[in-house]
Amino acid sequence: MKARRLVVRAAALFLFVALGVFLFVNGKGHDILLDNKTVTMGDQTYEAFASALISLDGKKAVEIQRRERLPEMLVGKNHVIRVEVMNRGGKVIQTREEKFSLGLDRTWLISLPMLISGDARWIQVFKTGEN
Amino acid sequence: MKKIRAFIEAAGLPRVIIGGFLVLLFAVAPLAQISVARSVSDTLVRMAMNGVMVLALVPMVQSGCGLNFGLPLGIIAGLLGALLSIELDITGFAGLFFAMGVSLPFAAIFGYGYGLILNKVKGDEMMIATYVGFSSVSLMCIAWQLLPFTSPIMIWGYGGSGLRVTVSVSEHWLHVLSDFLSFQIGNFYFPTGMFLFLAFMCFLVWGFFRTKIGTAMTAVGSNPEFARASGIDVDKMRTISVVLSTMLGAIGIVVYQQSFGFLQLYTGPFYMAFPAVAALLLGGASVNKATLFNVIVGTFLYQGICTMTPSVINSLLQTDMSEMIRLIVSNGMIIYALTRKVQVKR
Amino acid sequence: MKNKSFKDILISNAVPIIFLVLSAAAIPLSGFTTSYLIQEMVTRMGRNCFLVLSLLIPIAAGMGLNFGMVLGAMGGQIAIILVTDWNIVGMQGLLLAAMISTPISLALGWLTGEILNRAKGREMVTSFMLGFFMNGVYQFIVLYGFGMVIPVENHAMLLSRGFGIRNAINLQGVRQVLDKFLMVDIGPIHVPMAAFIVIALFCLFILWFNRTKLGQDMRAVGQDMAVAKSAGIAVDRTRIIAIIISTVLAGYGQIIFLQNIGTMNTYNAHEQAGIFAIASLLIGGATVSRATITNVFVGVMLFHLMFVVSPMAGKTLMGQAQLGEYFRVFVSYGIIALALVLHALRRRMDKERERQSLRGGDAPAPANGH
Amino acid sequence: MKRGIVFLALIALVTFFAGGALADAPFHIGIMTGTLSQSEDDLRGAEKLIEMYGDVANGGMIKHVTYPDNFSSEMETVIAQLVGLADDPLMKAIVSVQGVPGTTEAYRKIRERRPDIILLIGMSQEDPNLTTQAADVVTDPDNVARGYLIVKAAQKLGAKTFVHISFPRHMSIELLSRRRAIMEEACKDLGMTYAFETAPDPTSDVGIPGAQQFILEKFPAWLDKYGKETAFFCTNDAQTEPLLKRVAEMGGFFIESDLPSPLLGYPGALGVDLSSVQGDWPAILKRVEDAVVAKGAAGRMGTWAFSFAYTTGVAMGEMGKKLVEEGKTPEDFKNGNIDIKKEVLEAYGKFSPGAEWNASFYTDASTGVTMKNYPLLYQDTYIFGKGYMKMTDEVVPDKYFTVTGQ
């Protein structure tokens, strides 16, 4: 009888903690910085483009201009980003969709030029104080 | 060993701990470049400043009305007296005693009404006292704004009406009592006048409890049924004790202000009862028994902690934790006293 | 019951009646529109009822008004600080905050219960002082613990010296998530339905709890501790459980309150929680020894109605805005004193009557008191 | 239960008959300040507005409310007071003088319900990143520029040393510690000696009297140590009073206080009776000036001729009124149709005739973002017995805007 009570209690405690962890991961808000600046990685240079439409998780797209950095907010772990690069006339010339998942870090920097060029390092953890 | 145990038992564990802590603070004060003489002197000044207000709690405890959390009522009476004395521009000892004298009838009236309320709520006095205190303070906030005082040092310079938040007493009776017969040796200053006054007030209270009314009051406090049976008017005794407590509170605040230098109006009196209550309990009083010895020891210990922790702890540890330490110590003492077993009354 | 005279009804409902009369006089003076007042009442019911409901169980257990509920509020606030720091947002953040607050409030509730068991007969004033005492401890934890012992990731919340939380926190992540979860518009009025559903569940919980064995025990303890003890009820344990339930629920209540307010004053937000909740309950006609769910709703309604209209009404009456403000504070403290006095008077009257009826004769039967 | 229903019915009945009163003014402006016991200057500003445009209760334009004395624990009331102002259908602009915590949240709520109301804050106590989003315009004294200018003014008057008096709690406030660092840097550049002195915190247990006593006692020692050609600056208002008293008596310089106003410190320190010149700032300044000169401190002590807090209250109210009359709405702020700097300077200037003002926008130190609706202001320093110092003509070198408190 006593053992059974112990088991029930342990299970309840476990469930409690598990629910907590689930909420923690699932509800974590991330600040995403969408960056459209020219970056140089080693000997590789990725040019910024004139403008693009960006949509996160299928939400309404935002427009980003050259040399801009826009803050966005995402909740949870797994996400999709869709980038539509436009030319000067506002015509979409290139589209790319990527899936990504976020760790527990708070702020992430997405370099759009690198994303378009297919460099795997397009998403990085952003430490405050850097540029 | 036995002797130590007996001493601890007689003095009470909290007092021994706090006293030891205080001694320790004095001992390490030189390390923090703090003059011990000045610290002792500060402690004594504060003790004398607050002593009468702590004393004001005694009559109500003795008559079984509990701790007077309604002390702000007495303080308001004292403030009214002090304001009148400044308004009429009476300076020096005359001003001080005028302030006290005028505050007494106010205190008597307030105390009488307050006593009538407390008689209706036997058993719940402390809770109701707290709220009577709070609500009277906020009522007076309106009054301070509307009372027709005219002295330019008391009213707002710009608006020309309504009392300021702090009113300086420096041109009227600042330190008149403190400096009476006071002396200074190096850094050590002793406010003889305030101590003489405190002693005098203690003597009056001591004397009062030896009169017929005084003993009747104690009887009411220790056993109301018995007191009733022996023909004492319980309600009357309780009312007298409340009036007395309120009057002492009024005098206490005037003493405090002449040393402090300012009258603090508006929300100033709000939490004034708590330090006084904490000091009395620290001195070993319980909810229904308090002696003059408790008053003196408690005030000294409490004010000692208040003076010493900020200067010593802050300069040694480089933090500003003293405020929290004080909150925890003083309120902890009150809780300790409230949770102590007392013989069941009634 | 039948020969309950008009006078009896007046006396036993004196506080709500006085309040109703005051408000009735103040509303036209304040000049607010009807829709504003109704909206304000709906919002305030949604955010305050839970806190006030948390007071009911200790009253049933005969422990009076639990001023120690501020301890629960502190637990809720620490949970909110953590969740905001971790940036857990939305409903998940709110639920996680509630979960974190639970163990903290449990411990604090147990502590309160232990202390109150040592202060039988003086529970109210003791729990009141306990609130002040724990305020020091809370400040210590939040001002020194956070950043020194508990890591803080979000530097916007920290004081620039590297430890201690800033005095005001913006709760952007969990702001009004419960309210907005199920917002129903009735005419021009927004009704935060989800908050009311939570409150309704709580009411059901209380009704259910009263019927359980524990609930029955608690009432027995509340009636007479000595009798309960001789009937084999573990009095001290029952009392502790009552306080623990109240403290944990107060923690949830504070979380609901804060998500509605949207910003938190780190060091002061809990201070008024107890005072205002208790004032509301008393205004609703509850007494120190008897309180119902109806008292809660009527009380929150009347207290906050007074709260909203009295500064403006005071201003109209006395011509100065600040006098209206002082007047409001006076009313909120004064009413608690008045309610306590009236309660004591009533108890005395009942006793008097009981004595008469014991003597026999055709004295009126005792009022249906407590 | 039945009883409850009866109550609810009664309440509904009462509220039903409580319609809004008829008013004469075409629109209303709401202002929230502290009470007298909190901050005199703010409240006087609101009173001035009422004097000019009338109280709503008498068919005027201004609706004045106050926030509670312990506003920090009664945020619910702060919010309710502000949101209550927005209940008035004629309300077109709301001003909070001292945006105490809760103001931002209240403004968010007002925006949701009444997007047509212009929302203004004078002297904010909340995070600039939030206030500037919730309100249309926020103003504050320019403590960055003043960090340089106060030192510069001291140098102009002939001071050789600059002493900054403060305590840890104040130094944990971002802008104050940043200003301290700027002052230190400015001293270095202008060839002056900089010194930091610690005084007790008035909110600690020594209280205001203890903190004031400390300044009174310590001042002679400081003067011995640093010499007579020393300028003193103090971050705390309560400590300013004894400091002024001693500077007037014994020597040294005092340029201006943390929140400058002729009402701050001077009347108490020098025993000036102002009851006959209520509300007349030039006359108040004259009275104080006479007292300073009589003490032999001409050319050594200064202030701003018009109280910042007072002017903020009146000016923000006036600005709101003007913009509403021009038919402007919060949309115009968003779209950049309003020259905020010009409007603010114009409104401030109107109530401080003869005093020059300067304004620049706040730049967040950590992100480097400039907030275009958060002008920081400063007024020309007025030295008693000497007149205006023309500090508004000085150019503050760019480097000081990047000096941080670290």
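First chain written, first letter: the chains are A, B, C and D, and each begins at residue 1.
Heads up, the rule we're going with is that contacts are C-beta pairs under 8 Å (C-beta built on N, C-alpha and C of every residue); 3 or more make two chains touch, one makes a residue touch a chain.
Being a predicted model, the structure only gives us computed values, none of them experimental.
Student: Would you say B-C or B-D is joined by more C-beta pairs in contact?
Tutor: Per the contact counts, B-C leads.
Student: Between chain C and chain D, what's the gap in Å when you average each chain's C-alpha atoms?
Tutor: 37
Student: When the centre of a chain is set as the mean of its C-alpha atoms, what distance in Å lies between chain B and chain C?
Tutor: 32
Student: Just give me the whole-number Å value for how far the CA centre of chain A lies from that of chain C.
Tutor: Averaging C-alpha atoms per chain gives centres 42 Å apart.
Student: If I count partner chains per residue in chain C, which residues reach a count of at least 2?
Tutor: Answer for chain C, listing residues that touch two or more other chains: 322, 326, 329.
Student: In chain B, which residues are in touch with two or more of the other chains?
Tutor: 141, 145, 323
Student: Give the residues of chain A that touch two or more other chains, as numbers and ranges in rising order.
Tutor: Where chain A meets two or more other chains at a single residue, that happens at 128.
Student: Does the chain-touch network form a line, ring, star, complete graph or other?
Tutor: other
Student: Pairwise, which chains touch?
Tutor: Between chains, contact exists in these pairs: A-C, B-C, B-D, C-D.
Student: Which stretch or stretches of chain C touch chain D in the complex?
Tutor: Residue list for chain C touching chain D: 13, 16, 20, 23-24, 27-28, 30-34, 36-38, 40, 156, 159-161, 164, 167-168, 170, 261-265, 267-269, 271-272, 285, 294, 297-298, 301-302, 305, 307-308, 311-312, 315-316, 319, 321-322, 324-326, 328-329.
Student: Can you name the residues of chain D that touch chain B in the complex?
Tutor: 36-37, 40, 44, 47, 69-70, 168-169, 200-201, 204-206, 208-209, 263, 267-268, 272-275, 278-279, 284
Student: List the residues on chain D that touch chain C in their complex, please.
Tutor: The contact residues of chain D facing chain C are 1, 3-4, 7-8, 10-11, 14-21, 35-36, 43, 46, 57, 64-70, 72-77, 79-81, 83-84, 87-89, 101-102, 104-105, 108, 125-127, 130, 172, 174, 177, 405.
Student: Where on chain C is chain A touching in the complex?
Tutor: Touch residues, chain C against chain A: 86-93, 95-96, 99-100, 153-155, 173.
Student: What residues on chain B touch chain D, complex-wise?
Tutor: Per the touch definition, chain B meets chain D at residues 141, 145, 152, 155-160, 162, 165-166, 168, 260-262, 265-267, 306, 310, 320, 322-323, 326.
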